[in-house]
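In the part that follows, the structures are each spelled out as structure tokens.
Heads up, the next two complexes both have subunit A, just with different partners, subunit B and then subunit C.
Presenting the complex of A and B:
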């Protein structure tokens, strides 16, 4: 019965998304499109954080890699062969660097969007997890990575467009980006990509691989004693998260038409985690809804009263983390838990105190 | 001016940067080592210390105003830390990653609060007259080297605070309890140590020291709402490199990070130095994943 309920919820949500161009204004459709692109990243984070217990505060880096690679392609596509983007000429470069030129070809660019973030994520995870570095250390290292990535993008102005980033795109695969019909197909492509990512996550969660991820999250040493190597599993999970982030970034660039260092640094990276925490870090549907909710909320509050946004998101985050560790997706379970607590506290308070002490110790 | 002088000046700069990093990282290392709490709002304690210094120097005049500001920022940040511990962190013990996220929410609120009160543009603290000069070395191989008094003061302040903290932990009764809780929380609890108070005390002391770092920082840079954010990331790297539960390790790591940044900046840009620093840390944990100094333990940690 519950399974049918959740399936019909999924289908209703999908139908609402597919039909959105019929009932949303162009402005809101464009917002929805970019937030759905972000939801792909959130699904990756759900797998990485909710399922594998790896908190990444640098997801903006992999997102940014995907975004910048597609943006480089878009920049080159607008130029005649042999020309250079304007910011390069202002910075005094006399020819296009080789690692820019290869992304002129659409296939290479698409492949790059997928592969570069994946390899970057896998490489980092391999270096760190192999040495059994704790989750807290990993979170802090990824945050430093986000900071370093953003500063590097700002400072290497001749190659990255500096603080302003890359913008002024005209065509993708010969079609005009500003064209309403392109925007509509882009929206549907985003929905398809999100659905595929969602189904992929659902599939992973049913495989042995997914179950071992959960085992690592709940008891890494125990899983190691059972003969599994957690580093390998965590690396693959993190690489998938990186790939999702890259795809998400590339789609986002198409929706927004600009990418800049301010969108990939420390703060945006944590905002990505906020959205996942609010939705419910281990619920695939939850993180999609959480991403939409947080981003629409941000758009609404920051246009109505800009200074309130930071207070709002700060408070929201404190409350969600302390009171609702499973996010909004955890609310249905909450009633049962509260009821159970009342029953237990009437019966065996001593035992509860004991279990509490044990869980705190761990 | 020869190469040696430039080099020595850069080392001096590195040590003064390391001093502020150490003051910032001490609180982080204490609360992380003792309570397994990651305080992302720690950088904002720097900011609070900086603004308290600004306000004190604005309303109090005279030669002692700056020393008064030091006291005020310690007490103010420590009180704020205590409030934070009681209202948020106490509820999250045993969930280190969640303390990280919740305290990040706190840091956003504090940043925006500062922005609403003082504006997004930084405020300047004018160093008192007795700190505004510089010491010039007239003779010897380092002739021509000038050391700003402000930076010398920061280094001295850090050494004093560090020594006091070590003395507090090694000699005082509260320090004894602190070591007991650090070694074995349950056993200390069973022997009658009020661990809640120890946690509160340590957390407040750590944030207070961060407030002092804020005062020190205010002397060399304008105080902005986001001043803490840029420092706290490096302070976390210092904690990672230093290892848990060892203040000496933290000090060594701060020195290492400060000197490395200052050294690399001689050859490349500041941003490339950031990237190289991160590479250094990742390489470093390949060899010493638990930091420079760590305590061997049989406890199997699942965190």
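Presenting the complex of A and C:
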């Protein structure tokens, strides 16, 4: 019964996404595209936070690595041979640094998008989890990392474009980015990438690995005393989260055409976590819906009342944590709980037992 | 002469200057049961903690199957064949009963070898036997968090058993169980002792008697006396340690 419901929800969502170009304006379709790119990051966070119990307040770092690497490639692709990005010349550099030029080759850039965030996430996890640092201490480390990353990007203006970041892209693989047909392909690529990420998560959740992640989340030391080394499992989960974040960032850059330190720092990293909490942190479909809801909400509120968004997201987070600890994905079970509470307060225990029996039968 | 499965040699464990274990020694033969008793604070749980690597001794060593395991990581000690049931319930609440047992029974516990979906047939068979023995067969698909207290105890004993470790450490396995259940637990332990060794902590003398095994009495972090339950109960030193608690020892 439950399986059937979740499968039909999956199919309905996929159908809605595939048909979106038919019923959405070009503007809203481009919004949807970039939010779907964000949903890939949310799936990674779902695995990291919801399944493994690791709260990361620094997902923006891995997202930013993927985004900046692709942006570097786009920047180079927009230059005539022998030229340098304008901000480098203003900052007095006389030649392109080597770690920039390697991303001129599209294959290297794509590989970099995948590998650099993964290795960064795995390295951090390896250092930290082997020392048995976890919980709120880990969350603080990741938040500090997000702050440091954004600060570094601003301060190294000659190499990163500083506060303004990287923009003015023209082509990818020889195709013009502003071209409507490119934007359409980009939307499809994003939908395919998200679907692949979703199926990957579903597969992971059925493997022994997925079950051991849950075991570690619920009882890390118990799992250790069954002969498992939690650090290894958490490192792999965190690396997958990093890879997803990197892919998400690269796609996002293509959708919006700009990347800057303000998009990768502490506040965006927290917004990523809020979106996942709203959706329900251990439900794959829930975090996708939560990401869409929060981001469309952000777009709507900040265009109507630009000052209000920060309050709005704070309020949303408080409401979800207090009223809906399992997020949107928890609503189906919540209905039963509320109904039971109503009946109890109405003083009809017999009826309650009866209904309970019926629901159990179903 | 057969060499011991486990040797705890002159181990001292110190917490802020207080010696929880103070030159403790213990030897355990393969396929045997040993019961560990002693007043609260005698160091029984600390001894299990030391064997399993949860606590590092200041001096002395722990030898298992001829190998010094004193400084190994907990999970590596477990992989060498020691599994422990803790005093506090430690089932994995959001996994089914079956999955709890499967995880405990899997021989391949390295993270990079965990991406399979299936369960090895010998693991499946072992889990099936444990489900049968613990009476949890009907509950195999229930989440562990939904079990009653007694069932959780059984599940946890089942997890330790299905790990197929050579040495099983049980910290108060019969706590909170009815007379019937604890008799069944004793029966289970005895029947498994043809393949495994057990080191069991318990206060319940009825249960200890049912185990029908040699008893070691600890006091102030040291071995006070070893012998049959009968000898122990008559020993004046043991009685004086339990002063005011003779009843506890003499219940049987």
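Rule of thumb we're sticking to: the second predicted complex is superposed on the first by the 335 of 362 C-alpha atoms of A that agree within 3 Å, B and C clash if a C-alpha of one lies under 4 Å from a C-alpha of the other, contacts with A are read in each partner's own complex, and residues count from 1 in each chain.
Convention: a contact is a pair of C-beta atoms (placed from the backbone, for glycine too) under 8 Å apart; a residue touches a chain by one contact, two chains touch by 3 or more.
All of these numbers come straight from a predicted model, not from anything done at the bench.
**Student:** Mind checking subunit B and subunit C on superposed subunit A, clash or fit?
**Tutor:** Fit - subunit B and subunit C, as placed by superposing on subunit A, sit side by side.
**Student:** Is A:4 touching anything from subunit B or subunit C once the two structures are fitted on A? First, second, both or neither.
**Tutor:** In the superposition, A:4 contacts neither subunit B nor subunit C.
**Student:** Based on the superposed arrangement, let me know which partner A:224 touches: subunit B (first), subunit C (second), both, or neither?
**Tutor:** After superposition on chain A, A:224 lies in contact with subunit C alone.
**Student:** Scan A:273 for contacts with subunit B and subunit C and give back first, second, both or neither.
**Tutor:** Touch partner of A:273: subunit B, not subunit C.
**Student:** Figure out whether A:154 sits in contact with subunit B (first) or subunit C (second), or with both, or with neither.
**Tutor:** After superposing on A, A:154 lies in contact with subunit B but is clear of subunit C.
**Student:** Who contacts more of subunit A, subunit B or subunit C?
**Tutor:** The partner with more contacted residues on subunit A is B.
**Student:** Tell me the contact category for A:27 with respect to subunit B and subunit C: first, second, both or neither.
**Tutor:** neither
**Student:** Return first, second, both or neither, reflecting whether A:208 touches subunit B, subunit C, both chains, or no partner chain.
**Tutor:** Touch status of A:208: second partner only.
**Student:** Once both structures are aligned on chain A, how many angstrom separate the closest C-alpha atoms of subunit B and subunit C?
**Tutor:** 8
**Student:** Just which bits of subunit A does subunit B share with subunit C as contact spots?
**Tutor:** Residues 219 of subunit A touch both subunit B and subunit C.
**Student:** Quick check: in the complex, which residue numbers of subunit B touch subunit A?
**Tutor:** 32, 36, 38, 88, 91-98, 100-102, 104-109, 111-113, 115-116, 185-186, 229, 233-234, 236-237, 239-240, 269-272, 274-275, 277-278, 281-282, 285-286, 289, 300-303
**Student:** Residues of subunit A touching subunit B in their complex?
**Tutor:** Of all residues in subunit A, those touching subunit B are 55, 124, 127-128, 131-137, 139-141, 143-145, 147-148, 151-152, 154-156, 219-221, 266, 270, 273-274, 277, 307, 310-311, 313-318, 321-322, 325, 357, 359-362.
**Student:** Within their complex, state which residues of subunit A touch subunit C.
**Tutor:** Residues 206-209, 211-212, 214-215, 217-219, 222-229, 232-233, 235-236.
**Student:** With touch defined as at the start, can you tell me which subunit C residues reach subunit A in the complex?
**Tutor:** By the definition above, subunit C touches subunit A via 52, 54, 73-75, 78-79, 83-84, 86, 90-95, 99, 102-104, 106, 109-112, 114-117, 119, 159, 163.
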